[in-house]
Amino acid sequence: MEQHTAAGNPAATPDPGAIRVDHLDVTFAEGTVVALKDVSVEIPQGAFVTILGPSGCGKSTLMRAIADLVPAARGAIDVQGQSPRDARADRNFSYVFQDATLLPWRTALENVQLPLEVGGGGDAHADPRDLLELVGLKGRENALPYELSGGMRQRVAIARALVTKPKILLMDEPFGALDEITRDKLNEEVLRIWRETGTTILFVTHSIPEAAFLGQYVLMLAAHPGRVKEFMKVELPPERRLADRDTLEFVQITAHLRKLLEEC
Amino acid sequence: AGLKTVEMQLGWLASNGLLGEVVAQAKGFYEAEGLELKITPGGPNVDGVGSVAAGRAEVGQISSSPSVMLARAAGIPIKAFAAGYQKHPFTYFSLPGDPIRTPQDMIGKTIATQPTAHILLKALLAANDIPEDQVEIVNMGSDMNQLMTGQASAVTGWLTNVAAVDVLGEDRVDLMLWDTGIQLYATVYYATDETIAEEAESLAGFTRATARGWHYVRENPEEAVDLLVVAYPNMDREAELRAVEKVLEFVFTDATAESGWGTMNRENWETQIAAYADLGQFDGDAPAVNEVMTLEILEMTADARREVS
Amino acid sequence: MAEASQIPMPVPAPRMSRVLDAAIDRGPALAAVAGLLLLWQGVVWFFEVPEYMAPSPVAVLGAFQDNAGTLWLNFWPTFLEAALGFVAGNLVAILLAVWFVHNSTAERAFFPIAVFVNTIPIIALAPILVLIFGNGFAPKIIIAGLICFFPTLVNMVRGLKAVSPATLDLMRVLSASNWEIFWKVRLQSSLPFLFAALKIASTTCVIGAIVAEWIGSNFGLGALIIEATFNFRSPLLYATVFTAALLAVVMFALVSFAEAKLIRWKSSDIH
Amino acid sequence: MAEASQIPMPVPAPRMSRVLDAAIDRGPALAAVAGLLLLWQGVVWFFEVPEYMAPSPVAVLGAFQDNAGTLWLNFWPTFLEAALGFVAGNLVAILLAVWFVHNSTAERAFFPIAVFVNTIPIIALAPILVLIFGNGFAPKIIIAGLICFFPTLVNMVRGLKAVSPATLDLMRVLSASNWEIFWKVRLQSSLPFLFAALKIASTTCVIGAIVAEWIGSNFGLGALIIEATFNFRSPLLYATVFTAALLAVVMFALVSFAEAKLIRWKSSDIH
Amino acid sequence: MEQHTAAGNPAATPDPGAIRVDHLDVTFAEGTVVALKDVSVEIPQGAFVTILGPSGCGKSTLMRAIADLVPAARGAIDVQGQSPRDARADRNFSYVFQDATLLPWRTALENVQLPLEVGGGGDAHADPRDLLELVGLKGRENALPYELSGGMRQRVAIARALVTKPKILLMDEPFGALDEITRDKLNEEVLRIWRETGTTILFVTHSIPEAAFLGQYVLMLAAHPGRVKEFMKVELPPERRLADRDTLEFVQITAHLRKLLEEC
């Protein structure tokens, strides 16, 4: 299978800062469940890559493999010139999990502060209170997770991921539980953060418009077994506004993506 | 068939204090009296008085005579009717380097003894006019370590416990409680007032058969030990073989030569009661000697007991 | 129980006076105790059980009065031994559990040994302890500690492992050290197990102190129990046993209280 | 421990022979036991500890050989008492826990009484037990059961309550009866607590059987311990204590094995 | 506040089979958090009502109150002439929770079978295997929850809710974790089930098109405190196909809803 490179140029020398996934297989249950099969992809430094694919195709598994949470059965992953393990140890990642995964005994604010308390804390970091305000939870800082709604919990997890200003942000359906208004607002925030900080972002979503709107690249995975269907550059201007979603190019792109997804 | 069951409740595990009973059982002496003896063990925390008082067992055997006095004083209606060991084998052991041969030798020394035997040491001191504060009393368990390590000048135990005594070596110094003026009985047989009144014949039969058993032990100590070990396989035959001679010295004395196995002396009991009363051991009034012991059963069996000796 | 819809509805509690609340909370316990005491007194009266077999509550109450001084004097050493044994035994157990959870070789090597040691009867250990530590408080505290040690070890090892894989993933991504995972996550999620263990220990440490006093002590409730048994003073025996049991109940209540204070969060998911 | 990234990576296990696997699994335990035995032998030799104080492993081994028959004969009654006590005590504890969880008045009324009863030293209860049940197997099984009862009660009550509110909501909507909730949910989620309790009980039931034999028995490891203690047969004492401890280790291992078989699922969320 | 009735006709006699919420207040934390304030709404028998609203506005709380999982601080709820408690006891509800809430020790199939094993089992019921196939999990019947992806878990929960053929189906963001293709397929399935069975469905979603496409009525909640913003009938033909989403009426309706949501 050919190498899916960013610019569609297989001969390009690998960008030293990229995430490079090389013929990756991931299996579960002693090899009986093949979650990912021969996945190769190269993500340039500072790219915003959205990941689309049918439920169960291996999106979370790919992210988990990159974050060193799941071992490769075959193949290799290279994160900014390091193994995933070293990259993780160096705290290059932030991860918004598909479930919010809050610590139930910590308040919203304390959950956001968690990354600052462990793993060396990190140097640059944002103000947890500001982040909670950003995700619309001002005033609920002291609520415990069981006192929050599903969307609120997810927003706490997003704030937590942003607090360390990571080099690589892995977001697994971060906005799945949010209403469109909040979602739109956070979409713009994420884009702003991406532009301002140069963070490399991998962003799993089920919304085709969201994938097209946010992504500089879209990685489409197919199922049975999980494999790369397409890795495409989104030909839209880097400065995007919500209104851009009504343009013809945008609609063409989403239509294309929808067709691809149907084929998976 | 047609035998009357007599249950004997021990105040401890089965031990060599039971040689006579085991032999009498094996030789059919109880059957000859129309009885069947059933022996129920006690343990470190079960003295058996409750079982006897409640009527679960007809006969009790308790380690030391003061227990009967204390029980009686507490209102438990039991009486001693025979004494197995004529002399109590309770002994203060010391080493030749720091010997304690007389009560006076204890002055200024540390004596280790079981918590329940503190009172015996106090009685000993009182009987020998030694103030209690002249002797330091510390606790011991069942081991002799404190003597061996020099933490105490004397430890206590039963002279019949040959394994314990062996640990101290050949040249140890013994001071038997009996020889200091505190003259207690050991392995005392007791029953409730009710049993003594209503089942005197059974108790007499029990006493006669047991006496015969003990005489048989005296004649055939080795066979007796073999029978004991067969009945209670946890016991160590070698140790019991060495112990049996010692045991017999306590069971058969001048007193038994005259009055037969199991004999008791009313005056001795009175002395014991008085000593305990002086030490304030009774909650209320001291019990009368006739409440604590009865010679009735011994008298009923006097001829038979003398005959076998 | 087989009928449907009996699950109590969580009704928002009207704000009652705290005193009243507490009284209602204790009500069933007091009623049960009172009921048992009455039953016991009734049995003793009805069957005319002699006092030396089982004294009536009234007789025990009398013994409490008559021996208040003795009981009080002997209460303190036992309390001290039990409390210090509780602290020591649980501390060692918790530390060992922490070690085991972080080092599975250590767990596999020493857990069986802990099981082994736990089964050695105190009576068999006592001579060696006395030999090493003498006859003072030390061996009693050690025995009380030994006796609470094992349940806490087992529960704590289990509790420290009761962390969801998702949370461990989170901590891995945060590149948290084992120590941080322990401190921020494992400790909290082990609390339900730990408090169950402490409740068990709160009663066994009292047993431990008493058993320890049996191996040779002149004072303490254990010594008093021996003394009362040996002298056939049933009412005093019962009064002493009651005092010990009350000590345990109080320690148990303290642990329960601490638990209620410390675990205020609710899990928001299936565990 | 304070260093980052020491969390072991879950590497897919290569399929090894099961026998080898098991050997490696037991390796640390065997090594630890061997190490301790060597240490002990060394101490005994070096300090020339006399045998009556603490016999060397070699002496104990000798006692094992010399008394193999006796040990074997006395092993069975103790095993029987411990096993039946284990079953009875845990069964009662589990049933009581089920009652308590479904009836909080019962819990408030009788939990303190359970604490109370648990603290009454067995030895103080012994005379009454002997009076009521005589001297056969019954009181020994009861004592072994009594002694495992309490930790299981505490853990099981906690475990049956360790259900997430979300799951209870689910069961409410399904209009499940308390009995169904118990059977389909509570029982499963209490398993970690239950098995911790059973591990504790697997050793305490042996202690219980031994202690029970001290209230009057001619046979059993407990009787042998007393016999050996008071007759200064140190090597036999140690051999007996070891036999008892081995029994406990085996029961513990059986419980651990059952746990591994029964809890195969992983929680998918924070608990 | 006026009563929001189905047809916008406050004088209509209440349909005996409706869900009627009457001046409902729900509070948490001893009254300090007001999740719902004076909510009144009447849902006709057999209606398909979608619920929209910003994250944390009380959508889940309203559903939970109807299902007797949360007590009313004030006001009343009437479910088919019964109290919520009786309705629940009679197993009138199925509930798809916002978190999948699977029992971790049961396989996918066993989780779907759970409702048949408890609460009397119910008379009419669907085949659990068929339902798993319907949600695209054929072949994974014996997987334990931790072996399933987030979307798969949610699909198991959907299958579980359908197995008892309930009179009232409460679905709290059931399709939040699903890709668009699967989601579209399940949207059509739910519509089919609704039409064929006459089930009353309350369906929380964050997708405005989904709300408009599925709902016969849309209930819009506003936040701070949670209250009814609008209860409107969707003026589209009852027989809807996915292609209808590209019609002008549809776009007008979604535009209206988006405007409303922005105001909340």
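Chains: A, B, C, D and E, in written order; residue numbering restarts at 1 for each.
As a working rule, contacts are C-beta pairs under 8 Å (C-beta built on N, C-alpha and C of every residue); 3 or more make two chains touch, one makes a residue touch a chain.
Everything quoted here is computed from the prediction, not taken from an experiment.
Steps from subunit A to subunit C, minimised over paths through touching chains, total 1. In terms of the stated touch criterion, the partners common to subunit B and subunit C are D, listed by label. By number of C-beta pairs in contact, chains C-D lead all other pairings. Averaging C-alpha coordinates per chain places the centre of subunit A 29 Å away from that of subunit E.
One finds 17 Å separating the Cα centroids of subunit C and subunit D. Computed centre separation for the pair subunit D/subunit E is 50 angstrom, with centres defined by C-alpha atoms. In subunit C, the residues that touch at least two other chains are 4-5, 53, 123, 127, 131, 165-167, 171-172, 175-177, 181, 229, 266-270. Within subunit E, the positions touching two or more other chains are listed as 68, 88-89, 99, 101-104, 119-120, 146. Residue positions 44-45, 50, 54, 142-143, 145 of subunit B each touch two or more of the other chains.
Only residues 28-29, 33, 52-56, 59-61, 98-99, 136, 147-152, 155, 172-173, 176-183, 206-208, 258, 261-262, 264 of subunit A touch subunit E when the two sit together in their complex.
Of all residues in subunit B, those touching subunit D in their complex are 10, 13-14, 40-46, 48, 50-51, 54, 56, 142-145, 148, 161, 163-164, 166-167, 232-236, 239. On the side of subunit C, the complex with subunit B involves touching residues 50-53, 123, 126-127, 130-131, 134-135, 215-218, 223, 226-227, 229-234.
Against subunit C, in their complex, subunit B makes its touches with residues 44-45, 47, 49-50, 53-54, 67, 70-71, 73-76, 114-116, 118, 138-143, 145-146, 149, 151, 281, 283.
Put simply, subunit D touches subunit C in their complex at residues 1-7, 25-29, 31-33, 36, 53-54, 102, 105-106, 108-113, 115-121, 123-124, 128, 131, 150-151, 154-155, 158, 162, 164-168, 171-172, 175-179, 181, 189, 192-193, 195-196, 199-200, 202-203, 206-207, 210-211, 222, 225, 229, 237-238, 241, 244-249, 252-253, 266-271.
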